[in-house]
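As written, the chain order gives the labels A, B, C and D, with residue 1 at the start of each chain.
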Amino acid sequence: MKNKVIPVEEAVAHVKDGDHIMVGGFLKGGTPDVSVRELIRQGQKGLTLTSNDTGRPDCAVFDLVGAGRVAVINASYIGANPETGKMLIENPGSVRLFPQGTLAEKVRCGGFGLGGVLTPVGVGTVVEEGKQKLVVDGKEYLLETALHADVAFVKAHAADEAGNLLIRGNAKNFNVVMAAAADYVIAEVDEILPVGSIGPEDVTVPGALVNAIVKGGACA
Amino acid sequence: MMQGREIIARRVALEFKDGDVVNLGIGIPTLAANYLPEGVHIQLQSENGMLGMGGAASPEAASLDITDAGGNPVTVLPGGMFFDSPFSFGLIRGGHVDETVLGALEVDQEGNLASWMIPGKRVPGMGGAMDLVVGARRVIVAMEHVNKDGSAKILKKCRLPLTAAHKVNLVVTNAAVLKVKPGGGLVLTELAPETTLEQALAGIEADVEVSPDLKTMPIL
Amino acid sequence: MKNKVIPVEEAVAHVKDGDHIMVGGFLKGGTPDVSVRELIRQGQKGLTLTSNDTGRPDCAVFDLVGAGRVAVINASYIGANPETGKMLIENPGSVRLFPQGTLAEKVRCGGFGLGGVLTPVGVGTVVEEGKQKLVVDGKEYLLETALHADVAFVKAHAADEAGNLLIRGNAKNFNVVMAAAADYVIAEVDEILPVGSIGPEDVTVPGALVNAIVKGGACA
Amino acid sequence: MMQGREIIARRVALEFKDGDVVNLGIGIPTLAANYLPEGVHIQLQSENGMLGMGGAASPEAASLDITDAGGNPVTVLPGGMFFDSPFSFGLIRGGHVDETVLGALEVDQEGNLASWMIPGKRVPGMGGAMDLVVGARRVIVAMEHVNKDGSAKILKKCRLPLTAAHKVNLVVTNAAVLKVKPGGGLVLTELAPETTLEQALAGIEADVEVSPDLKTMPIL
C-alpha cells in the first residue's frame, strides 16, 4: 500500500483558488497549524472556509482569515476572531453562522452521503431564515443541508503510514467528520508510525479517508 | 457581604441532583461547580467533546488534546469519556444533559432567551448555546439581575435576537430566583439575602407573580 | 453516584405491554440474550421491536418473535428469522423493512434529538412508498424520520458501576445508538468493574445513557 | 475445467486496485478475495462495523465481538478498525467504499438491479445492499449468467423490486463481462474461457452491444 507521508508543500498545493476548505479544531484544541500556515504561505485566495470558530490569535486559521484569503465562512462561534467579526459586519452574507451541533451535522452529512438533517435547533430564531421548515409528528424542524469541501485540514496525534489516525481526547471535535467530508484530506500529525501500530479499537479515522499525512510540530 | 456572582453560583448549585450531567457556560455558570452540596456529584459535559471534565490541568499535564469549551487545558475525571462534536451535540440535542446553565443578555416572561448577539455591534455567534438550550432537560439562566446601567434584563418580550423560544425553566440572579411556568409566565420564588421584594421587582420589566411561599435563597 | 447494577428481573420489568423496545446486535454479534430471555419469561406482549435482523436461531430475540410477543417490527434483514418472515407474509404492515444504513440513522436521530435525515438510499425502489421526497441541489432524497423506544436492550463487554460501557470489536453495531434512543436502557455485560476502570478513550457509551446494568452470561 | 463460481470470482478480483476499500457480499463475491493479483492489497469492509477484515477466526480466537456480515467469527488485520453501524454506513453512503460486489436476481440494461426480494415468496430484507449499491464508487454484480431453469437474469427491464436504480457499473458472470455505459446500455466486453459469443448472448434478454475489442477473460 502507498505510504501517504508527503511534504506539507506538496499536500497543501492541492488547494486551488476558490476552493472550499474545512479546518478541524475547536479554538486551539486539535488545530492543524503547520499545514494552514503553509496555505497562508502559498497564497491561495477566494476560499470558502468551514471551521467551528476560525480560531483564536494563536491559531493559524486565525491568520488565514486575517490575511484576506477567505471569501465565505461557515462557523458557529467567531467571538475569538475579530477579523471574522469584521467580515460579518462589512459583508453580512460572507459569514454564515450555524448552531454548533447543526454545523457538526452538516459536515457529517457531507461526509456520510446524507442530504441533510431535521433539527429543532434554531426554530423561532433568525437561524430559520431562508430555510425549509418541516413538521414531523407535530414538531417543527429546520432542514439543514450537507456541507462538502474540496480539501480538509485535520489534526491528529498520530498516523500510521496508511493514514489511520489516532486523535486523542476531545481534539476529535470536528476533525473526524471533516476527514470524511472532503475530496482531499490532509492529516497533520505529531507522530508517524508503521501500519498496525494503532490498534483496531484506537483508530479514530480510517486511513481510507486520508490522502496525505504531513508532520506537524511547533510553528512560528 | 457575598458578591453577586457568588450568590448566583451558590444558588444555581442547589439545582443539581446527584448523578446529573450538567453543561456550565463560561463565567458565572462555571463557578456553580464550586458550591455543590455534600453528597451531590455531577458530571460536567464540555460541548467540545468530553463528559466528566475536571479542573484546570497542571502545567506539566496540560495538553491541547484535552481542553474546555474556552480552549484551555483541563483534566478528565475517572468515569469520564471523550467524543467528537456530532456525538457531543447528539447528547445535548437528544435530552441527555440534565441541566444547562448559561448567561443571558435578556430573558422574557415567555421563557425566551437572548444571549448571542447585539445586531450591528457584537456578533460572536451562537456556538453551542442554541443546541444546549433546545436540548437540555432544564435550562437555567444565571445572570446579573440588571444591566450595568440599571436597565432591566428580565423583560416582557426579548428585543434582541433569540437563542431559543420558550425554553428557559429557571432564572437565577444576584437578587432573585424566578421560575418560568410551563406555557409561560414568571413566578418570583426567592430573594437573595439582604434584597427586598421591592428592590427585586424594581429591576424587572416583565409581569411577575410573587410566590405565596416567597423565601430567601437557602445559600448561607 | 448510584450503583446501577440490578437483577435482570427488576430491569426487564420496566417493559410494559405495547412498549417499543430496541434490541442491539447484528445476527449473533453483540446481542443481549440474557435480558431478552427474561423478557420472554416475563411475558410482555404487543411489543414493537426495532432490531437489525430479529436474530438467528441462536439469539433470544429470535425466540421473542417466535413466542408471538411482537406486533410490529422495524428491521433491515430478516432472512435468518423465518418467524419474522411469516409475520411479513401474513400481515405485511407488521414488518417494516429499512435499508440498514437508514435504520441506523433513524435510531441515531431518535437518540440524538433529530427529526430525521435525507438519504438517497431507496430512491426509485419500493422503499420510497409513503415517504416524503425532497430535492436538495438537484438530487432526490427520502426523508427518513426518527425512531425512539421505551426500553433499549444493549450488549457490552463490560460496564463500570456508573454504567459506562466498553463494547468491543464490531459488537458496537446498533448497541451504541440504541443506548441513546430509549427512555430506559438496560445494558447486559460480561464484566462489571469499578468506576474509572474503563479509560476515557475506551468508553463506548457514556453511563449517563444507561439506567440498568445486568450481568450477562451463557444462557439456555 | 474451471467451475463457474471460480471463473466469476477470479474475474472480479481483477477489478480491484491496490489500496481499495471493498465490500464483498456473501457467496461468490467473498471468494474474489482469494484471487487478488500479486501486489494488490485491498481492505475489506464489513458493514456490521469493520475495516480490514481478515479470515475466519481460529476456534481459540473466535469471539462474537468480531464477526463478519454473516455473523461468523473472523479476525481483523493490522491497520484495520472497528466502528458502529451509523459510522459503517456513513462510510458506505459517503462514497468511501471503492467497490461493492454483490449477487443479484436480475440486472437490466439501464443498470438497475434486483437482489433482495421475490414478492409473496421470499422477503429476506435488503440488509445493507441498498446502501452499498447507492453509495459505493463502483457496483459490480457477480452472478451466474442464467437462472437454474436457463432463463435470463440480464433483462431489458427488471421485473422484481429494485435494490437501486441506475447504479450497476459492471456485471461479471460465468459466461461474460458486461459494462454498463454511463446513462445506460450494456456492452459485452469479455467472454469466459470456452464460452462462445452465441452462447453468452443466448442467455441474455437485454439489448447488448458487443465490444469491437471483445476478448477472453484474462483469468488463466
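Keep this in mind: contacts are C-beta pairs under 8 Å (C-beta built on N, C-alpha and C of every residue); 3 or more make two chains touch, one makes a residue touch a chain.
None of the values given here were measured: they were computed from a predicted structure.
Between chain A and chain D, the least number of touch steps comes to 1. Of the two interfaces, A-B and B-C, the higher number of touching C-beta pairs belongs to A-B.
Taking each chain's centre as the average of its CA atoms, chain A and chain B sit 29 Å apart. Between the CA-based centres of chain A and chain C the separation comes to 32 Å, rounded to the whole angstrom. Centre-to-centre separation between chain B and chain D, using Cα means, comes to 55 Å. Averaged C-alpha coordinates put the centre of chain B at 34 Å from the centre of chain C. Residues of chain C in contact with two or more other chains: 105, 108, 113-114, 119-120, 168-169, 200-201. Counting partners per residue, chain B has 50, 76, 82, 86, 89-90, 92-93, 134-135 as the residues that reach two or more other chains. If each chain is drawn as a node and touching chains are joined, the picture fits none of the line, ring, star or complete shapes.
Per the contact rule defined earlier, chains pair up in contact as A-B, A-C, A-D, B-C, C-D.
Within the complex formed with chain A, the chain D residues making contact are 18-19, 21, 41, 43, 50-52, 76, 78-82, 86, 89-96, 134-135.
Only residues 26-31, 52-53, 56, 75-80, 85, 88-89, 97, 99-105, 108, 119-127, 157, 167-177 of chain C touch chain D when the two sit together in their complex. Interface residues of chain B facing chain A in the complex, by the touch rule stated above, are 46-50, 63-67, 69-71, 76, 82-86, 88-90, 92-93, 120, 123-131, 134-135, 161-166. Across the complex, chain C meets chain A through its residues 105, 109, 113-120, 132, 134, 136-137, 139, 141, 143, 145-146, 168-169, 200-202.
Listing the residues of chain C that touch chain B in their complex gives 1-2, 108, 111-114, 160, 162, 164, 180-181, 195-196, 200-201, 203, 206-209.
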